[in-house]
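Read from first to last, the chains carry the letters A, B, C, D, E and F; within each, the first residue is number 1.
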């Protein structure tokens, strides 16, 4: 327990967390500090390209681990299953409607790549290695949760998106294509593949761009995330009943537990297990919200965005990640 | 004198000055070369984050100097006092109205962080060290001058911003909050604090982002500044009567002299004195103009922007900084 | 022949080509992956600044080669002449109107700086040096082709841009100024001059910005180019008759051949010859399209943009550059 | 100068619905429109801003569509089919245009 | 398709006044508006452009506000209170809207 | 609140023609206008978008110009002289403005 606290404390005073906190505080104080939308998108492209490429290059270097396929499968299953867990929890401890609960559930089954990136930075700083393909596992976990959530809505007798009305849409091929080919999945998997193909030689050519400045870029991006999260939370404070708040913290812990079990069964390294916990604990705030606006427009975006970005993201960043690392170490670390 | 000229000449052929000149010339030649607004803002966020963090980390490394508090106080006083000097000078040698003169005075009491950054680059290139907290001094000097200027207007019998009329505004709490929490102050002081907290360990993690590429990013930013300054000057040439022009050069020299006295009394290093001169000599072109548009909308923005960005900024960049360094060296250098 | 294929194969699996392919594929699959316009422009400013500066610094280091002036002249002549070749070829093998053919011809007489950048990266990776002033040759080749194209239209009895009608425009001084002072020329030549003036000392100060991360930035930029090219090609597939397609591949080969001759006569190094081939083979997609919209608004932009960006650019990137290198090596390499 | 009566329709709609709106308009033969970016706004669901946002979820766009008066109804039908359960605003203004042959 | 009469108010105002305008509008009960970015322009104080600018001082925004006709006057009062000594332009157009219950 | 009749002219024109349009407007005494950015659109020449674009060739801008009714004709003449053989759309709407002395 002491070790966890020490680790958490150390994590808390890293530049990346502090820049997130700075953004958060600035938003609450209504400072006009802001990052232009184009710059924020550019930073996120950089992070996806870098983390994907490094994962691929690492796979190229260490060879394809026997558990790679199993890990991808586990990721798929987790992403499909987590929304059901989240949905159940939400219906138990909050008064959310079926549609709102399903929309929130989709976010928690999917993943937050910045949370993943931060966790991998913490691992690197702690001198721990992890399976390079974990970034691919994260990528495959982005989309399936959306399908589970739409199924939950359909089951409740409400067509996911109106074949009713004039426009005749639905979870049609078009929406499915949009979900599977959304920009962050494509760039993450594409960069992973390019890293795997070009290997260490490719890495050597672009290392100075994607490795050395990575932590610094992450600081700037987290400053922006803090600003966006803080602004969202400030404007929707009324919304956050105790039940929702509790969910925003209980759900990542639940997800992390399932991730721990999965990672343990797969026989991953301590670092790999910690990452599996982290992605399971994290909630999407880029791809899934956009999909929900198309497929479940009646769901209130303020609820899922505030939960994912305002509660769970900061929780994972500050408290969750050190806990997951400590637990993984205690149980599986030599 | 020879030494000053040699130093100035050397400074003039550094890439950063030449990129500024390139932008300036391109704007005058009506080239369509331009930096997107979002990119310019992104670059300025980078510079603020980097310079703030490095200042903080340097304080962490060298310990809190006994003169830190005194220097901050000196900065505060200078920022409050300089507008009065500027206002007097303006009323003496130009025909500006009270409101226009006060608005211009606010800019010269405040500071230009890019001028500070350039000066610190020159110091680094010259192998001189300086007190890391000078960046904090620059930060505290951003806002006070605005209050002095508003007081000057109020004294002249003109309510700073209309309690007259319907909207019932004024130098209200809201405006004060906006001034004190403007984005560049918050990021500069926030990054400084994070640098001070995480120290050399934090610096090591993001050094490759904020130290190595810094000069190059500054080149790109100064190219943009040159474009903006050149465009502004080109479009408002008619405005610049000899009196205003003279002010744009006399005032930085006056400010630098006061900065020299302050720095000398504080017992700062030669580098620190030169920076104190530079910030006193520099004029704001980001935070103060925005505050003036809110508080003194009748003041003509073309006047203060052209003076600060079109005259004083290039003057400091090319001639001022080498002079300040040479003078500081001659008087206080061993 | 084997050597060429091996080289091509090696080139094809470099990260830069693969990121271009990723963008291309993502666009065809209608992924919503996209780079914000401001970020794309920012990246292109970076590339121009970096490549220009490095060229200038290299000239400063190796001294002004006797052939510098001759090479610039050769570039000028090539840029004037290539449009006639292109125009003839187009009128022979495609059914394009005079105006459309002239507009396309202007693009192929001018150059694509990213193609140049990619070729110089391939040279560096292959351990070959080249004349630093080749970047200046590329710069002088941007504009002349536009004049040739306008002359072709005028000769055909159609005033290039209406002195007819009310507005009284024409290839007036204004348009000429716009063409000669377009942003990419100004930045490229400006950065070249700054590199030449500040030399190795200047380079040392900004090396960490313009050298080390260059390849990585190029990857991100080529991802964007792939997206834009793929989107363009996807939306205008119907347009590309066999004749046009053939032109899009024959013309760069023709241009490269002329470049080979010119480079050989000038006595350039193998790397220099390969670059002369590459620029001659490449087609503009930034400066010339904008000039054509002003000067020849009746020309269909879909034709010239699709050819330059959708056919010739990918051709040069993947197949052309390795061929040009191999040919230059076989003929002129010791 | 000769002008012609037309309708100016401005549709403020969620950015994620852009492709669907465009396709729906094309289906009823409306192929001319211009898309303006939106920075932020306010509505029943509160204030929002694009500052620093990465996800397209919370963004809107402004689609301007100038058409001959007789085609207004089919355009509105098409737009309404997409807007449907989505947030968004449609306004129609009378206007005059140059070069009527383009509409 | 059923449409309803409304007023389309477009306010071009300095970016630094955004928050004050929004608060002023909310005070008179106007909570629906959309903000469009502005690249540049020209007026009595000359030409300006946002290109390469970092300071918010010289920027403007375009606030579009669609309301029921009977609320126009209080909206204009509110806007005028903020515009006051500031530069900026207000135009009001008659328009028709879908889904009148939203305004 | 006192308002005055005016005309709101919106010109969607290629970005490369911006300077020429501005100069042409100034020549006929129109010095007040606001430029809005355009993200993309669709017309007879197909769909386009500014995403990821570096060249100004394919971009458009939206120029909004509010003027006294009596100056409409000279404005349209000036605009038409520039639009000429270029793509682009011009719409004119009746509107009311505050602070008529500004137009």
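Please note the rule applied: contacts are C-beta pairs under 8 Å (C-beta built on N, C-alpha and C of every residue); 3 or more make two chains touch, one makes a residue touch a chain.
Because the structure is predicted, anything quoted here is derived from the model rather than measured.
Colleague: Enumerate, in label order, the chains that touch subunit A and subunit F alike.
Modeller: The shared contacts of subunit A and subunit F, listed by label, come to C, D.
Colleague: Which chain pair is joined by more contacting C-beta pairs, B-E or A-B?
Modeller: Looking at A-B and B-E side by side, A-B shows more C-beta contacts.
Colleague: Measuring from the mean C-alpha position of subunit C to the mean C-alpha position of subunit E, what distance in angstrom results?
Modeller: That gives a centre separation of 44 Å.
Colleague: I'd like the Å distance between the centres of subunit A and subunit E, where a centre is the mean of that chain's Cα atoms.
Modeller: Each chain's C-alpha centroid was found; their separation is 38 Å.
Colleague: Quick one: which residues in subunit A touch 2 or more of the other chains?
Modeller: Residue numbers touching two or more other chains: 32, 34-39, 41-42, 212-213.
Colleague: Residues touching two or more other chains, restricted to subunit F: which are they?
Modeller: 36-37, 47, 56, 77, 80, 93-94, in rising order.
Colleague: Every touching chain pair, please?
Modeller: After working through each pair, the chains in contact turn out to be A-B, A-C, A-D, B-C, B-E, C-F, D-E, D-F, E-F.
Colleague: Can you check the complex and tell me which residues of subunit B touch subunit A?
Modeller: 36-39, 41-42, 45-46, 49, 53, 177-178, 181-183, 186-187, 190-191, 193-194, 197-198, 202, 205-210, 212-213
Colleague: Give the list of subunit D residues in touch with subunit F in this complex.
Modeller: So the residues of subunit D in touch with subunit F come to 1, 3, 6, 8, 22, 26, 31-37, 61, 64, 66, 93-99, 102.
Colleague: For the complex, give me every residue of subunit D touching subunit E.
Modeller: Against subunit E, the touching part of subunit D is residues 10, 12, 36-44, 47, 60, 62, 73, 76-77, 79-80, 83, 89-94.
Colleague: What residues of subunit C sit close enough to touch subunit F in their complex?
Modeller: It comes out as residues 34-37, 40-41, 44, 162, 165-167, 169, 174, 224, 227-228, 231, 235-236, 285-287, 289-290, 292-294, 297-298, 300-302, 305.
Colleague: Quick one: which bits of subunit D touch subunit A in the complex? Just the residue numbers, please.
Modeller: Contacts found on subunit D: 14, 16-17, 20, 24, 45-47, 49-58, 77, 80-82, 84-87.
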